[in-house]
């Protein structure tokens, strides 16, 4: 049975939405070679989840869900900082951020 | 009546002699070594002599219990000594003849660097031989049985620098081992079904019908296989001629007088078992006569004096088995004794000849030796007469008795027996004539130091010659209406099964005697014609043709055994090692290793190093699980 | 058809489209910009769900900080000039399958789910004071630990990107 | 407590040897082993005087899972202890002549191995047994690896992996047993009535472990290479004592625990064992490397022993145990002879040797006696065992008995061939200046030779020692 | 709680000391404090069972035991940092603090009471490790390792988060106690299962269980050895601690449904890890694969205990960690003197530096599961539980694969025993290395010989 969290909008719809966004993010990660784009796709995935969190927190009428979004954001921020740092360093050394080039270590 | 410890001494003395000579012999003076060695054989002889007389006066057989060897569950074996009529005679034979041969050896081996080793081995042999005949159970007998095998191995290979001799020794040992396996298995049957290995108990149990005929057949047959090994019967005889590689006195003691007769002793010991298995007896008779004939034929064309004697031994043993086969145990044993005398005599004689010839054993190089070594000649002649069965020499009586018994059983056996003994007479005198008559055919320097052997060697010859002459009188045929001493003495040992043999009527017996004697004389005279009148000398072995060539080559039995047993065994061994072990069995083991390495490569190939690939793999596996669950829930 | 629903669909559509552009655009700059759009739509959803504060934070943190950071990096490496090598089509397909599969199972799981219960709506949860109380009340420990998180991220960024002294001399 | 002392003694020795200098190590090792031997002797006399207190030790090691560290000494164990602690000193002694690089490590390992072996034989709890079982493998592996020749790495590793693989399956069997009984003390495992499948599983696990260790055809392929590759002292340890672990395991840890499976698989194993007898001896006929030849002959001997054990007859098992003792003594003697030849001439190749008897009468005499012993000449130790074993196998099945009997022929064939090629004939350049035995080598041989004859002439003490255990095990195993 | 706070403060202190120009002392002080703290923690908080800050942090025997283990291991590893980062000693404080922060994350992972603190803990650990993995700036391998680890980590964070979210969606709470009680009453809805599985996947990724293990070999190989050591000990142990808490305390009601999947993954792990390792030539990589196979055992320890008791898990983890510390100490030494970590570089070590070599041999034997070392009893306990849980076939597989594993363990061992002409390269190892290695060895032996005090704690 559908759960309305907005007048006329059910939580299922939000799940749909974030699922789609999440999937798009995954697709991005898989289909691109540019580390930065991949990274942005990851951010997209996180946001999708955030959206879902908020939706659920509304459904449960519970603040914790929204609070959790803060943590997600801060984590995302931290990851961006570190990730971009790594990318920059990498770019300095190799003049590229193409992940398919970065597959020297294998087998 | 000596106390028990004395009997232990009988056993212990030769052992002590062995140890002393083996450990300190090198340091002791040769005379002392010889003295010790012969002493430890003489003393037992004297001890047993007393026992013999006490037994003769109807005393009880002595039984000495030594120790419990093992007791496991219901199975128990004790070491015990048993001195009944049979073993006493055997002991006397061993120690008596043994002593003479020791004496002889002192001088014969005098120049050998390993003098002391030789005597230690000799004592060792005597020790084991005594165990063989004195022990009161099959296992003890087996111990002696294998022990003498070992001693004979050591003595055949005494001059171990020569690898042919080593091969001969090895051959003897292994062939005996084949027989021993038979003996062992036979023992298993006896042990299992009668619950004991002690002769007395076994006989008891057999008397109570512990083994059904089929079992007695198998068991006795297995024991007989053991006997064929030790007593050089078909098919396990080929080692004996080769065994002549050993010093001549050894051939005299071990390969003529004592060890090779162990087989007869064993059958005699277990005569009840054999009597219960008539089929076995038939087989024994056939094997015996076959061996006798075969060896005689081969003996006709041998030119190595010791080889001739060896084959004659084989054939004589064959006759003994013939006797056993017709159930005439005492007769066989009678021949054992006489044979021991004259064969030992002949060997020692030949030894003396070889000694004079400086080690040359080929009768074609001899001749006319009677001038140089009269005593040897006389004694050798006596021996030859005895073995040819010329009355009144001992061989005549024993052989005649055998033939008579064979006649009772089956005329064919008798005929073949006569044939064999005729051939014996022929080749023995062939040797005599070629060796002692005519002109010397050897080289100059051989001729130069031809000489009669020293006293220590001739004395035993003389003693043995006397024995060979009179030995027969211990078993006079009843036609002479004299008591058959041996039969009477040994009566307690033989357990009659069914009715005893009746005696032949007088005329038949005389006829048989006549025939045998006549045959012997005929063949002697043929030999005389050939080698004295025509003064023929056998040519090179190569010159033989046809049958005689085959005979000279022992009918290729050795070659046969090589191709049938030895080589295939080696091939199989190679095959098992190279193909089965290395390739198949080990291959499988190593294959598992290789396979896992290959698997490793396959697994590694998934580690592509591509981040995207890794992520995809993870995503897909998540999808997979989720899908799995949703399907599960639906 | 209520107004909120219409808005939802518009926003959703915009969000999805911008997301798609983000992951497909050849030029990184475009994808960054479309990502911004996407984030805005998400913030709009927050507003819609009466989480205004969160919406603001979302815009500030993502659009304001993160995206700028991205843009900055991209510019620095002028990736927009070097065209990115495209993956093989087969691979793109595989990616699509992966993502699609994920979506599929996800949605399927949603389809058969029926135990999501509506709590009595409470419009106050998105309000800043409620948030503050919860964040600094129950969630104090994670909140503080977040500082450690950011701290180590900071150290890390410095550690990795700070030029070596020698290089400066050179 | 006594048993604990016995267990610890070698380890103390090991530590001392490790701490000592390379020069003193072997002397210390010798002292320690002799001490252990004396202590074992003391235990033996106590035991034969019927004082059995202190011959069992048990303490809870873990409660969950329930593992108790239990050691017990009974007749069989005592015999194995005597074997071990008698042979190890000899083995150590055999090393005195040779120059051994960093011998402290070497002898420390040897002593650790001795301790582990004692543990294996004394353990009366499955886990403890397993631990010592594995522990015994480590030192010998390193001995073979570090003191063997360079090319031996693969071989020794194969040996290690193979035997370890086997024992890991035994571990699973133990686990299953534990889950059935709740503890692994031998008394609670014996006479345990499991269902067919369980018995089979457990049987397979145990049997693999033991069969590989013994080794039984066709699990033997590690043996010949390892014996050849390992330093001779290692080979002595392996063949003299270590493979007895497997046989001991069969008797103590297999037969009484899964009698039904045993009954079910006896025919197979008897066949394997007898095949092994012929197979091993037959291959030995054509071997030209002395150690390899001994390896295969040992394969034949243990095959017969296994057959005797699985005949499940009192006489068979007694014979097996007597033969274990005898084989231990003989094989050590033989390998020591090989070692001496190797030391003197640097080769073990029969085609290169010959005529040694001319120059080294003492050595050849000792060698010949050892050889006779393993041929099973009467009045030597191997005969009585062989007799009982063959008798038992013959009772089990006449045909198998006869086939197994071939060993007495084949043994003579290959051993006499070996002796002739190596010792008889004329000396050649390799053997011309062959020194006869040194004092320490004499001292190594003499105890072995005394054992050969004493056990051969009067084996009754041994039999009496193990008889009760054998009866008990037969009772448990026979169904 | 106290432990976490002290550790955190210690991390910050490191940075402060850097400013105060007390670089030299940082390492030694930190490690001593950590080791002391490990002991103190065990003694002071044992038997305690309390929740802090509305159940964000839960301290019980489990968390205490694991915390002490983590503290001890990191204490030992950090002891090596001084020598290891010789060449860039001016950054030592950063490294040390990163290590310590990572440790803080790990501590949170084994003592969380709420998804939020789990999430934050995981992220602290991961982010510090991303940095450390990439921290050797000049080495492309290190860069690549950093990037790979980062990308995959970030990606799986998405899953982690999604899982948490969905569970939240169904249960309406982040508190694991409440989640548990909610799940006990609720029927298992697909959405919930999806969430659980997402969460599990994320955890398995952190613990490098197949098929989520791909990152491990590459990252381990590329990262600086010390970091690898830290990952394969602290990170892995923490991940399993967290996983165990998650399974046993939050999701226990739903685990039976997930169990078959976990078993499947365990089997995969055994096969892939052990076989892939066979032909490796880099010792670090071998250790990586062996780490994966041990992950299989650790997971088996959790599954076989029916998510009821963590005793076996802890014992195995302790044994594994100790062995790894020893192994990596020696590897670090060798790759330091030889410049690479190829198997051939270990040739002759036994004769040149017996101390080091024997330590490594013992560690290897323990990993291979040879008695009487910790590794053996660990395996035994796990297998025992496995057979008990009717997973005999898994046990058999485990045994077979551990036979395979012997092969690659002994590759290293045998290499060490080979003689080489010139062993001069093996310069005398720093004393701390020897100390650390032998502390580990002692730990292995103690664990193995007197396991009374370490088995079946909870």
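Letters A, B, C, D and E mark the chains in the order given here, with residues in each chain numbered from 1 onward.
Quick note on the criterion: contacts are C-beta pairs under 8 Å (C-beta built on N, C-alpha and C of every residue); 3 or more make two chains touch, one makes a residue touch a chain.
Keep in mind that this is a model prediction, so the values were computed, not measured.
Contact with both subunit A and subunit B is made by C, E. Of all chains in the assembly, those touching subunit B and also subunit E are A, C, D. Centrality annotation: D (chain centre taken as mean Cα position, compared with the mean over all protein Cα atoms).
The most distant chain from subunit E is B, comparing centres defined as mean Cα coordinates.
No other two chains have as many C-beta pairs in contact as A-C.
With centres set at the average Cα position, the gap from subunit B to subunit D is 37 Å. If each chain is reduced to the centroid of its CA atoms, subunit A and subunit D end up 67 Å from each other. Subunit A and subunit C have Cα centroids separated by 5 Å. Chain centres here are Cα averages; for subunit D and subunit E they lie 43 Å apart. Residue positions of subunit A touching 2 or more other chains, listed in rising order: 11, 15, 22, 25-26, 29-30, 33, 39, 57, 59-60, 62, 64, 67, 71, 75, 78-79, 82, 85-87, 89, 99-100, 102-106.
With touch defined as above, residues shared between interfaces to two or more other chains in subunit B number as follows: 593, 604, 607, 609, 611-612, 615-616, 619, 622, 626, 630, 633.
The multi-chain contact residues of subunit C, meaning those touching 2 or more other chains, are 87, 91, 94-95, 98-99, 102, 105-106, 108-110, 112, 114, 116, 119, 138-139, 142, 146, 149, 152-153, 156-157, 160. Applying the touch definition to all chain combinations yields A-B, A-C, A-E, B-C, B-D, B-E, C-E, D-E.
Interface residues of subunit C, counted against subunit B in their complex, comprise 87, 91, 94-95, 97-99, 101-102, 104-106, 108-109, 112. Against subunit D, the residues of subunit E that register as touching in their complex are 311, 350, 365, 370-372, 376, 380-381, 383-384, 387-388, 392, 395-396, 399, 402-403, 406-407, 410, 414, 417-419, 451-452, 455-456. Across the complex, subunit D meets subunit E through its residues 61-65, 127, 130-131, 134-135, 138, 142, 145-146, 150, 153, 157, 160-161, 164-165, 168-169, 171-172, 175-176, 178-179. Here subunit B touches subunit E in the complex through residues 593, 596-597, 599-604, 606-607, 609, 611, 613-615, 617-618, 621-622, 625-626, 628-630, 633, going by the rule given at the top. Chain contact summary for the complex, subunit E toward subunit C: residues 8, 11-12, 15, 52-54, 56-57, 91, 94-95, 97-98, 101-102, 104, 108, 114, 116-117, 119-121, 123-124, 127-128, 130-131, 134-135, 137, 146, 169-170, 172, 186-187, 189-194.
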